[in-house]
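Below are structures written as structure tokens.
Here come two complexes built around subunit A, the first alongside subunit B, the second alongside subunit C.
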Partner chain A sequence: MNKNYTILIGLAILAALFPVVSSSYITIGLTVLMFAGWASSWNILGGWAGQLSLGHATFVGLGAYFVAIGSTQFGIAPWWAILMGMAVAGILAFFWGKLTFGLRGPYFTLSTIAIAEIIRLIAINEGWLTGCASGVFIDYLPEPFGLDLFDKTVQYYMMLIYAVITIGITIFISTRKFGYQLKAVRDNEEAAMAAGINPTAIKLKAFVLSAMLTALGGGVYGIFLSFIEPHIIFNLLLSVQIALTVIIGGRGTVWGPAVGAALLIIFGEIFRTVFEQANMLVYGILILVVILALPKGIVGEYAQRLIRRKYANRA
Partner chain B sequence: MQTVLKADNIKVQYGGVIAVNHVSVSLNEGEVLGLIGPNGAGKSTLFNAITGFTPISEGSVQFFNQDVTNLPAFERTRVGMGRTFQTERPYEDLTVLENVLVAAFLKNPKRKDAERVALSSLEKVGLSDRAHQLSSDLNLARLRRLELAKALALEPKVLFLDEIMAGLNPPALKDMIEFLRSLTATGISIVMVEHIMEAIIELSDHVVVLASGNKIAEGSAKEVISNEKVIEAYLGTD
Partner chain C sequence: MFDYISFFQNLSNGVLIGAVYALIGVGLTLVFGVMRTINFAHGDFVVVGMYFAVLLNSLLGLDPYLTLIFAIPLGFLVGACIQKYLLTRVIDAQHESMLLATLGISLVIANLLLLGFGGEPQSVNVSYSTSTLSLGEVRISVVLLFAGLATVTVITALYLLLNKTEIGRAIRATAENRLGAELVGVNTKRIQAIVFGLGMSLAVTAGVALIPLLFASPVTTGAVFTLKAFVVTVLGGLGNIGAAILGGLVLGVVEVLGASYLDSAYRDAYGLVVFLLVLLLKPEGLFGKTVKRV
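What follows is the complex of A and B.
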């Protein structure tokens, strides 16, 4: 068995013990898990397939809104609403990709910003659905197995399951045909075609999977917020934050997103208390330093050094 | 003997420039077709047109009696065309073995089988000891061999080699010629664009000479190198 699965199980057990040990930092823990999950989902498209998206907040918003509207207007249980949100996210990503995968590099990235912005504006203007600026307030949720979904600890464990699912899927992909097809398309599309790979089809698969998993996390986020406003949840800043998490951690790696999430969230918190007004400045400088010193991200650089060292030792 | 490849009346035009002007070539099973000509003759363009990497404006391509003219490049790979690139195109973030693995997955969806095929391809080109090195750390000569290993791992029916011999020293050249000959013995057919005449003479069953996009001569290697038009195209006239 892949040793990454063992690491994942070990980390999951440690994370499961966290609320027992310390209940005061549970929201930070939850946020780390949430970003680890979103970043891992983003990574499938942005890291493995090399298609840098700055529109993933759209899928977060879809997941959250399906949960919110499902429960307030239709009385649909959140788990069904999340599945519906994932399906819609997948369908949207399919057409989104069909429309924009003809564009390469920065042009694709710009198109993701544009489409996400269109969807944000629709969400703000279609107030009958999204509650306009006043938002949607989730005041009731069912209690499966007697669990109170509004309880922070329950939400923490939901996020833990979410993070484990996304990282687990990444590990699954990483050693298989699909994973290598993604990396081949990212590194050289023409060479990939010469290997019998259809680049557009591979990128579409990556986008759909990435969008669906992001919406899954968005659904849990909706429960966590329980108050959802379109201009906050569909925000470009959230898309940037998700992308940045992976870029810092290591694109196209299994553990990069989780490492990036832990570092950015925890340092963000520390800086907020230590540097007060200057916290965003220090945060920005830290990001700049990491990107300049480690262009492939923390885990990405480490993985490459490991391959070189192993080869040197063998020879 | 079966005709495996028949490119008919191929025309490639970029704006007002005709890069390949109504050229036809064909290839029999287990044989080697050499494409030669001076720089800018349209060899690589014809090669790319046949493998689907350059769109053609006229003509057709038959592969094992199947019309592949309208198939995209990756579909042509799937029906049995395996090509190398003149300028090496490794997947830089992957190791040498993983590079070949990508190709081996085409016919072997299971990792274990794909890895076996990939390792055997590396063995054939003499890169086994480099399997776990990052491909971006390879030197040019080895990158070239990696190109060949990637094409072999596709288990192609016809191998398209774009200047695979360039930059090889004499012993390595000899090895490569021997190796390609052993491939044809197993039934693989080869189309090669090559500048090194020694390789063309040693390997080709049939040679097509291009100059300025036109086919100016064809025949056995011996025939074409004594052809006046060919000498003229290479050396010019007084």
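What follows is the complex of A and C.
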């Protein structure tokens, strides 16, 4: 068994004990787990496959909206609604990728922004589709096994499960052929093709998986927010936040997204009283520091140092 | 019957707004041409211009168009310093480093403006903000006309700089082939700083020109203009200045016509749809030549 699984189980147990130890910081813990999950999902496409997307808020929005509209208008339980949201996110990502994977580098990034912005404008303007242009309020949720889904502790554990699932899938991918195929496509598409890999098919798989996992987190986020506004949940800044979490933590690494999420959310909380709404300043400064000093991200640079030390000892 | 007057009214508004978009797009495309990277902070530079005009107007009561005297050289200096002290360190690094670094700069600028000025949208009131000139039945807003004139002046100056001066020649050489330019003795680091400075002062000019028309808010306005700049440059073909001007005009006209004949709520979407279509079907731009780049 990969030692990453052991680390994951250990961390999950620690995280599960957190609400018992400290109940006052539970929302911060929940936010860290949520961003760790989103960032890990983004990492499959943006890190492993090397396709820098700035449109992932779309999938967050889809997940959240399926939960909100499902429960307010159709009386569908949130877990079924989340599954439907994930399916739609996967289908959307498939066609989105089909359309734009011919583009490379900055052109691909620009196209993701453009599509996400168009979807945001549709969500804001088509009130019949999104319930209400100004937002949807979730006032009732069923109680599975007698659990109150509006309770912060229950939501914390849902986010914990979400984060564990996404990181677990990342570890799984990292040990499988699919993981190596993704890296090959990222590093050199022509060489990957010569080795018999179909880059577009690999990128599509990564995008669909990444989108579905993001929508899963979006669904839980919808329950957490319980009031969903299209211009907030589909916002370009959320996409940027998710992408920067991974890049600061370390792209294409298993633990980078989680480290990035913990660092950014906790930093953000520390400076919240100083910066107030200008909270994204932390992201801006940290990304500049990382790009200038640690181009592989925090975990990426650390891993490289470990490898260097290991081989230095052998030689 | 088709209403020609309102059509020409919309067309003239579209062309004038498009001129300002062109100004924004030219700055972005100039930087792309030399640096081969997309500047995500470009829209925030526009917003910096807007706030500069707001600040000087509230402190000294200066007319926004007069603040250009200070805004253009200051924009140049700040832009050149950003390139010289920050971006130059990553220009040869990994593929996407520049893009991410400019994204970081964009976040820093937007949030510093938010800290300094607060989240309330701000604008500058000028006495002539609602005056119009009549051209037959078509009315042209004086502010839009000023913005258009500023654009034409600045772009003419840029054209002269690029085509008639030694620095312009060095810029064009660096854009065409950086290594080649270095071989014949061009200090390309210096050229990059100059170009980034020029890009910023163009963006700042556009911001100042727009402030009597629009409200500036620190975070959202920057993203909107960055997107518009992308649309303009991709429409024209990245790195091509003449085409960026046409791209700007196309975007302005498409937006205004789309907003008045289709649905005004989707004003920002029309440009994006055209942008996607161009990106997917004709990535070299509407007016670009088909050149294969390795």
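The working rule: the second predicted complex is superposed on the first by the 299 of 315 C-alpha atoms of A that agree within 3 Å, B and C clash if a C-alpha of one lies under 4 Å from a C-alpha of the other, contacts with A are read in each partner's own complex, and residues count from 1 in each chain.
Following the convention adopted for this analysis, a contact is a pair of C-beta atoms (placed from the backbone, for glycine too) under 8 Å apart; a residue touches a chain by one contact, two chains touch by 3 or more.
For clarity, every value in this text was computed on a predicted model and none was experimentally measured.
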*Would you sort A:Ala194 into first (subunit B), second (subunit C), both or neither based on which partner it touches?*
first
*Would you check which partner chain A:Leu17 touches, where first means subunit B only, second means subunit C only, and both and neither mean what they say?*
neither
*Would you check which partner chain A:Gly284 touches, where first means subunit B only, second means subunit C only, and both and neither mean what they say?*
second
*Report for A:Lys310: first if it touches subunit B alone, second if subunit C alone, otherwise both or neither.*
first
*asked:* Which partner chains sit in contact with A:Pro106 here, subunit B, subunit C, both or neither? Use first/second/both/neither.
replied: second
*Please indicate which partner A:Ala184 is in contact with in the superposed arrangement: first for subunit B, second for subunit C, both, or neither.*
first
*asked:* In this superposition, which partner touches a larger number of subunit A residues, subunit B or subunit C?
replied: C
*Which parts of subunit A are touched by subunit B and by subunit C alike?*
none
*How about subunit A: which of its residues touch subunit B in the complex?*
175-177, 180-181, 183-184, 186-188, 190-199, 252, 304, 307-308, 310-311, 314-315
*In their complex, what parts of subunit C are in touch with subunit A?*
37-38, 86, 89-90, 93-97, 99-101, 103-108, 110-112, 114-115, 119, 219, 223, 227, 230-231, 234, 263, 265-266, 268-269, 272-273, 275-276, 279-280, 283
*In the complex formed with subunit C, which residues of subunit A make contact?*
52, 99-100, 102-103, 105-107, 109-111, 113-115, 117-118, 121-122, 124-125, 236-237, 240, 244, 247, 275-281, 283-285, 287-288, 291-292, 295
*Where on subunit B is subunit A touching in the complex?*
51, 53, 72-74, 77-78, 82-83, 85, 89-95, 98, 101-103, 105-106, 109, 111, 114, 129, 132-134, 137, 150-151, 154
